Amino acid sequence: MAQSQTDSTKNHWVLTFVCADKPGIVHAITGAILTAGGNITESKQYTSVDAQSGSARFFMRVQIEAAASLNEFETEITPVANQFGLDYKIDEVGRKMRTLILVSKSAHCLNDLLFSQRAGYLPIEVPAVFSNHSELNALAAFYSVPFESHSLSDEGSKLAFEHMLRDYIKSANIELIVLARFMQVLSAEFCAEFEGKIINIHHSFLPGFKGANPYAQAHARGVKLIGATAHFVTADLDEGPIIEQNVVRVNHSETKNELVRIGQDVESKTLAQAVRWFAEHRVLLDGERTIIFN
Amino acid sequence: MAQSQTDSTKNHWVLTFVCADKPGIVHAITGAILTAGGNITESKQYTSVDAQSGSARFFMRVQIEAAASLNEFETEITPVANQFGLDYKIDEVGRKMRTLILVSKSAHCLNDLLFSQRAGYLPIEVPAVFSNHSELNALAAFYSVPFESHSLSDEGSKLAFEHMLRDYIKSANIELIVLARFMQVLSAEFCAEFEGKIINIHHSFLPGFKGANPYAQAHARGVKLIGATAHFVTADLDEGPIIEQNVVRVNHSETKNELVRIGQDVESKTLAQAVRWFAEHRVLLDGERTIIFN
Amino acid sequence: MAQSQTDSTKNHWVLTFVCADKPGIVHAITGAILTAGGNITESKQYTSVDAQSGSARFFMRVQIEAAASLNEFETEITPVANQFGLDYKIDEVGRKMRTLILVSKSAHCLNDLLFSQRAGYLPIEVPAVFSNHSELNALAAFYSVPFESHSLSDEGSKLAFEHMLRDYIKSANIELIVLARFMQVLSAEFCAEFEGKIINIHHSFLPGFKGANPYAQAHARGVKLIGATAHFVTADLDEGPIIEQNVVRVNHSETKNELVRIGQDVESKTLAQAVRWFAEHRVLLDGERTIIFN
Amino acid sequence: MAQSQTDSTKNHWVLTFVCADKPGIVHAITGAILTAGGNITESKQYTSVDAQSGSARFFMRVQIEAAASLNEFETEITPVANQFGLDYKIDEVGRKMRTLILVSKSAHCLNDLLFSQRAGYLPIEVPAVFSNHSELNALAAFYSVPFESHSLSDEGSKLAFEHMLRDYIKSANIELIVLARFMQVLSAEFCAEFEGKIINIHHSFLPGFKGANPYAQAHARGVKLIGATAHFVTADLDEGPIIEQNVVRVNHSETKNELVRIGQDVESKTLAQAVRWFAEHRVLLDGERTIIFN
């Protein structure tokens, strides 16, 4: 019945849903869980109101312990889902989410993800790492993860790469695509097709810097904080809904290269946190923003 | 129905409770709220399991919007409270909690509390500030808060002071006592009598330093972080359940006096946060620890 | 001879300078200090190299303890300053810098500055607070600081205000102008005339938001960090050289009003830090960036 | 002449020293550097005063660019060192410090050190990793670092291990010993012999917890911050001079295992920072505290 001490003889599920906010949702859903013999071991909810229209959407994440099977459980949930128009997902707690990682040459994010995954700190499994370069092959090999390098030199090869990705994502049941310093822009069509399933990481500064070589610009302006933002990739936004952000303090004496190193540490940590929350079904999309149930 | 946009023609309550964890609590309580015509606008819950006994306690905080009166609402809640053995409280959202502040000579925490209160950032009202010194009289007067100075030179005067406090707390309906750098030890009896209602702030270091003049010790040991802990005061513990903690980075070149200034900033901020959460019914006691529903 | 324990029978000066980087500067300046019977009790230096031209500028801040008078001391410094082309300042350590504060309606920054000043934490004296509104009169009065309200309704009144400011700054020997949430734009001429002497504070977000009501935008985009930047005001830049930046973590459940409160805390703290460093001659300008000798 | 842009046709040295504080030290040392044709590209100094005796010690770190050879340079430095009683070291900037890493079973710190070393972010070379367990052999092998496992089951084997360590440290010219979660206590004799050369990492909490299983205790007390301290190992102190500390925010809902994961991230980052500063000669010992010239 408890989050920090679970009964290993029982099943554990995580249910997430979003719907229009109406009285009685929580009562109905907890009633269904109760009827299925389930205990709620963790629960978070949030109501989001549109400032213009005043319309409200309700978000919820529930962890459940139950002797019942998933089928028996869904039998109880379905009528409530229909009645309240729930857009919902049920998953097994701790199940490893199938995650494809795309990289270029920078190792820091990939190293952190694979190390954390093997240490049991990230509930993901990584069937493949794809890259437009070959440098990170050995790192993937150390963690026994298949690695493929694809040259992306022109529009044709990029198109072919995205075709291959689509096929692979389907055949390998990929649920999450992580751009771990993948320095190629994916097409708007691809981003739209997998909206809410692609997580990217990039550096962040105050103020923001446009154009090439942002660390050089940050150094030139003498910023006192450098940071990173992990966000969903979307077709029409420069930067999609933010999942996590962190910053680190720097000063005038740090060289551009030191800013890069510090920035990479923040990037690794921030991306891993975003991936962890996503894989634990703690990230829900609310238009241009995310609800994080952590 | 929404946390960020409330209907001002309706009543808004905050319900907090704790009980033994059993299936059906959430279903029952949301059912009662629904029957009373209430909408849940914010909800947090947590199940705490005792590592030894395995017994679990359930904590919940719910904000509700309803046309019904408090009486009508309590009529629905009472049977559920009885059935599940809820230890519960209901309060009006945003009602200003009656808060007594005790101080000595240091102004930083009192200044921050009174400024924040007047700015509308702390849902408290402060009918009085009591002190064992007279220095902070003018500050209290600027904020139009009655100030009393009591000499606490011997055991007799301390005993008389605590007697006066008891009477005042009762007659003035004080709900929270804040020790804003009050440098006198309250008796074990007094602490026990008001357990869970007295919040104290003190500096915190890694490692902890025993004895007098901790900033001098921290300076001598060259600590890299100094911080503050806001906690409940209890009769039998050196330091009661922790409500909030913060730290700030320092270095070898900061003098002892600079450490004191930095420490005071952290103390002010940390104490104000703890008071805010308490006044919003976001702090629930779970044995030696706190559950913070923020 | 020591920073943390000074000899009160002696004089204490802070010398700051910038010059083209050449071998022998430090040797020459320490020689002059030695000849004047001075001991260096704190010293920081930095060499800044222009990435394009490769030309280097040398920045230094030195604290000195000496029995000699300022005149005797300057006699030794002058030849070195001439030889190496130093742009230098000498001041007494701890002397209170004459500071004019401009405000509008928001009290948080003014309260923090005046409280810190009176507590002895900010080496400034504040002969006046000027405002385009009357709301903060009582706060200034509590700290016994003269307060003037000037209506700035049209171009004529703005021009007259800046004329008055110029006269006041001159007659009152103002060394620093702090815009403590002063919501009026100063003219480019005024900014240019007092470049390096006007410090402003504004909120900062990742990503940055253009246009009105940035807290509403930050809320809509679900940022996870909100912050503040204290910077010099310049004529030709949207945002002048950055002096200090801080951020605080927020989440989806915080309302816009809560973001505002949190943002104000960060603003107060960040502005006070920038003012402290400036008043202690720890902020040196290096083109578009600052060197902070803290 | 510049820190951020060095002349690769010249030599670059870092000079660190400590001595009794007397007038003229900086002048003398900069004179010697000047005579040797050297330019100072980075310089930090600090004077530490004993609060009881009032006696002062002077610490300095200087980076120098020069055409001269190390011999020519030392010829100029030696008379100054003799005159002022300098305890000094000269090293080549960026030279990789020979570092022995001791581990037990936990991989997080070792992974971070070896990854950072290979990425060029830590100026160390690691000729060996020694352990009292075999688990981390594969990780060391991936980074092509020799790994030795030694059973430390009784006093005899511990004594033999320390004998072997002494021999290895001598024969392999080890300059730094890093205890990267090495769960064995080294003897007081060993610690004394290598004082100032052994860096350890351990978790840190507010308040501190004595005895076994500190994460369980921290969880039970509901701490809001968990952290790590990197420090020198000394014979007579529970915890030697602190080099670096960091904390991360946690809350009541994090399980003990999550606290462990978060704690490990902080440990890795904090240890790597301490090792970086040590290898760059930025850490100077001042009795029970460290001076960090970062």
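Going in written order, the chains are labelled A, B, C and D, and every chain counts its residues from 1.
To be clear about the criterion, a residue touches a chain if its C-beta (ideal position, glycine included) is under 8 Å from a C-beta of that chain, and two chains touch if they have at least 3 such contacts.
A quick note: this is a predicted structure, and the numbers were derived from the prediction, not measured.
The pair from B-C, C-D or A-C that reproduces the interface of B-D, where over half of the contact pairs by residue number are the same, turns out to be A-C.
Where the sister copies chain C and chain D meet, the same residue numbers recur on both sides for over half of the interface positions. Put simply, the chain farthest from chain D by mean CA position is B.
In this structure, the chain pairs A-D and A-B differ in their number of contacting C-beta pairs, and the larger number is found at A-B.
Taking the mean of the C-alpha atoms as each chain's centre, chain A and chain C sit 41 Å apart.
Distance between chain A and chain B, defined via averaged C-alpha coordinates, is recorded as 36 Å. Each of the following residues of chain A touches two or more other chains: 3-4, 42, 46, 48, 51, 253.
Residues 3-4, 42, 107-108, 111, 115, 119, 121, 142, 253, 255-256, 261, 265, 269 of chain A touch chain D in their complex.
Chain B makes touch with chain A in their complex at residues 1-5, 21-24, 26-27, 30-31, 33-34, 37-49, 51, 54, 56, 249. On the side of chain B, the complex with chain D involves touching residues 46, 48, 51, 204-208, 216, 220-225, 227, 229, 239, 241-247, 251-253, 286, 288-292.
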